[in-house]
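In the two complexes below, chain A is the common chain; its partner is chain B in one and chain C in the other.
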Partner chain A sequence: MSFTVSILQQGLIYGIIALGVYISYKILDFPDLTVDGSFTLGASVAAISIISGVDPWVACVLALTCGLLAGIITGLLHVYGKITNLLCGIITMTALYSVNLVIMERPNISLAGQPNIFRSGFFGSDAITRLILIAIIVLIIKLILDWFFRTKKGMLIRAVGSNPQLVTSIGGNVGTYKIIGLSISNGLVAFAGSLMAQLQNFADVGMSSGVIILGLISVILGITISKGLKFISGSTASIVGAVIYQAVIGTALYLGMPTAFLRLTMATLLVTILLIGRIKREDTLK
Partner chain B sequence: MKKALVILVVMAIVSAVFLVGCENSKGTENLRIGIIQFAPHPSLDNCRDGFVNTMKAHGFTEDTVTYDIQNANADMNLANTIAQKMVADACDLIVGIATPAAQAAFNAAIDTDIPIIFIAVSNPVAAGLSGHSNVTGVSDVLQVDEQIDLIKALLPEAKTVGVLFNNGEVNSVNQVEMLGESAAKSGFGFETATVANVSDVMLALESLLTKIDVLVNVLDNTVVSAMPSIADRCAEAGIAIIGSEEEQVRNGALASSGFDYTDVGSQGADLAKRILDGERNINFELVKETQVTINEAVVQALGINVPEELAAVAEFVK
Partner chain C sequence: MIEVRKACQTFNKNTPYYLELFNNLSLTINDGDFISLIGSNGAGKSTLLNMLAGSFMPDSGEIFFDEKNVTRQKEYVRAKYIGRVFQDPKMGNCPDMSIRENLSIAYNKMKSFNLTRGVERKNEPFFMEQLETFKMGLEGFLSVRAGSLSGGQRQALSLLMATITEPKLLLLDEHTAALDPVTSKTVMEKTKEIVETKKITTFMVTHNLNYAIEYGNRLILLHKGEIIFDVCGEEKKELTKRKLLDIFTSSVPDDALSDIMAFG
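Then we have the complex of A and B:
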């Protein structure tokens, strides 16, 4: 039972990463590698703020803000620097590694015994309460995003990826909306980093290893699975995808699979799901 | 409404899978010891083997103990998941090898009274692992003073000490700080160059070579991985290397004052035995056994004179 709770806690935080990746990869059609840096950015900003005595909730907001800035930098490089999207992400991600080291002053900060949104006493501190708190946070983020992408600005950001001519034709600036989208995406990922640092009680400069893969797999997993289920929005699908991702890893560990095979398992799962999705599509076309 | 329903159903299925999994893994009378190794790495492998072998020598054989040995492959998120699984399995003891694995184990067990043993954590205080009743371990803090003493004995002409390290590894940063203090105390100049991964090592080394008389290694995973090429380049430049463990001396370092990681693991096993016998509130320990090792071939190549009192205690390798 407690393992299920842990899986859900971690899975839902990954859900926030997946939401961020969903915005860049799916909505903006922009494979953004910045997230590998902004996840740790969020964790390091939150960690250094908390040990300097900043309220943990404020620390989360600071992390979110720094993530927004990171996304803006990638966006500016792409839109005004005319650098290809993949390269922009790589540049910002690489730079963020140094930035994170400078922010933290050392590669690893322990938060053991520090105030923490999960242990503030206000919400209680057992595992179930922590899970409920994370679920509420994820739900709020999802609802805000769903609302935002139905506003006029949100609609235009959605059009950037699928139909940029439309944006230009009604007098919008594709570049500006791209930057806003990337900014939101990285803000979310940094926010997830700040939650993760508090959940695991430490921030480490190497903690983003695999985050972009995790985000992409979650989004593709979620969207492929929920295809045909029209009432599931892309945001929900991404969160569900992240939880499934974590559940698969948890199950594999439970079944005693050597950890060296975990990535292979994920790759196999992804290929299987993509192929099933494709076969289904071909069937309906016939 | 429908959406919420679907989410609930998915969550229910996921939970059901795990509950079934939980039942299967229970039901044995054996003690259960979980070991999380942070990454595949020769030194960490030695810690693990030293731990398990000494545990068996203490009578905790596989007949009475189930060892759950997992490698996180340097993925911190995975280290967390592994630690959570071990806590859910109600392990009687969890061992974390290297700082992030130890922190993951500590954090996963924070609401329980499962004892945690850390191995190969160079600064347990900074890692938040000291001062908890159920946490103890072995700190592999490098004997930097002994390294500096080796330089004084073997290279009396040396004035400036250089060190290469990955500033993303918390263990290395701690050791370099200590090494710098120790070098300053003995009147040496101190130069550093940092790398982020193995491919940076050679360039960083070039930037150091002209400024230093001797290169000192700390226990840095990145730099140690590139040891064979570092040794080649330093031999060309006529710069001696003082290593941080015996293996580096075999790979071309002049000498080291260090320890065998098998002994570190085995010291952890001694702590584990005390804990399983019911003892608590044990302070963490520093590595006990250190040994000076000298490479004869390098001594000859650099024309170094080994003082007799050092030669008497040192172990020579070729």
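Then we have the complex of A and C:
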């Protein structure tokens, strides 16, 4: 029971990462590696805020804001610096590693005994209540995103990924919309980082390594399995993908897979999903 | 009125491939003109069209829209009063979005891109009505993804999207070239109908001499960056393919014959 709950807790937080990666990778068609730094950025900002006595909810908002800024930097590098998308992400991600160390003033911060959103009074602090709180947060984010991408502005961001020329033709500045999209994406991932730090009671400078692949696996997995199911939106699929991912990896670790194999498993999983997706597509073409 | 004043454009500066395409090119497009622009490959048709659209700035010279200098205006700013249809049917709409969403995006062009609903149900009857006039049965498929339409249907959608807000200038960049002859004719007829009913000033690049003669009130022949022939009104109406070929061969003696064969 507690195993399932912990899988769901982490899986749903990863779901927020997946939503962020869904925006950059799927909607903007921009493989953004910045998230590999912005997850820790969120965690470290939240951690340092909380131990400085800031309210945990405010700490989450601060983390979100820093993530938004990180995304803007990557966007500015790409749009005005004309640097290729992959490089922009690598540059910001690299810089963020130092930024995170400077923010935390040490490689990790323990939040044991500190207040956090799961212990802030009107919620109980047992595992189930924590899970419910996380689920509510994820649901709210999903609903906001679904709404946003149906507004006039949001629809243009969707169009930027699939046909930038069209956006220009109808009088939209492609660069601006890319920056907005990247900003939201990284804001979400940083927010997820702030939640993870509070759930695990620590922030570590290395905690976000592998976040991009985790996000990619979740998005691609979610979309591959929900293909043909019209009632599942891309955002829901990404969250579901993240939970399934966490269930698979969590179970494997639980059954005794050495942690050294974790990354190898992730890579294999991603390749498998991509290949399955390809075979599925070829089937439909026949 | 749209004016190109003394535009100069060169390519590949400081390389052996240096090319001076436009040398003080001037052109006035009157309101309500439907211009067919023809010319052999490398004549500068697309360059002229892109210059009007604002895809790039000329090396020197100016472009005026109703006495307003727009030379330095960014493409997306100028796009507010320009409708554009490309040769590739994929360029005019989003494959992942439904016909309804595509039309909504185009219809929102003159509004600010704010946080109100992108797809407004109240516009649906209008969209259906517009789609019906194409007689392609698209009105029944508002929820279908644009990516799953045929080339002709997608181009029809692109044409509707480009003209739904009644732009000041419509740029058509060989917009029927990628379609089969029958569909091409349908789209062309539809273009004519829209341009006439909405009175949109139109600038059409085409490789099809028949279309150039049949459609529009004005025909411009461009050769190596120069306007060598410009007719309108009655004179244009009396133009035949034979006459046009004669004009072409007499004004461009040397290599013209091979060129004209290519687009006859």
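Everything that follows uses one rule, which is that the second predicted complex is superposed on the first by the 286 of 286 C-alpha atoms of A that agree within 3 Å, B and C clash if a C-alpha of one lies under 4 Å from a C-alpha of the other, contacts with A are read in each partner's own complex, and residues count from 1 in each chain.
Note that in this section a residue touches a chain if its C-beta (ideal position, glycine included) is under 8 Å from a C-beta of that chain, and two chains touch if they have at least 3 such contacts.
Just so it is clear, the model here is predicted, and its values are computed rather than measured.
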*Classify the contacts of A:51 with the two partner chains as first (chain B alone), second (chain C alone), both, or neither.*
neither
*Partner chain(s) touched by A:83 [first = chain B, second = chain C, both, neither]*: neither
*Have a look at where A:108 lands relative to chain B and chain C in the superposition and call it first, second, both or neither.*
first
*Given the superposition on chain A, which partner contacts more residues in chain A: chain B or chain C?*
B
*Looking at the overlay, what does A:170 touch: chain B (first), chain C (second), both, or neither?*
second
*Considering only touches as defined above, state whether A:4 meets chain B (first), chain C (second), both or neither.*
first
*Which partner does A:270 contact after superposing on A: first (chain B), second (chain C), both, neither?*
neither
*Considering only the touch criterion stated at the top, classify A:201 as touching first (chain B), second (chain C), both, or neither.*
first
_For the complex, give me every residue of chain B touching chain A._
2-3, 6-7, 10-11, 14-15, 17-19, 21-22, 25, 40, 70-78, 80-82, 84-85, 87-89, 99-100, 103-104, 106-108, 110-111, 126-129, 167-170, 173, 196
_Touching residues of chain A toward chain C in the complex: what are they?_
148, 150-156, 158-159, 162-163, 165-174
*In the complex of these two chains, what residues of chain C are touching chain A?*
74-77, 79-80, 82-84, 86, 90-97, 101, 104-106, 108-109, 111-119, 162
*Note which residues of chain A are touching chain B in the complex, please.*
1-4, 6-8, 10, 97, 101, 106-108, 110-113, 125-127, 196, 200-202, 204-207, 209-211, 214, 229, 231-233, 236, 240, 243-244, 246-247, 249-251, 253-255, 258-260, 262
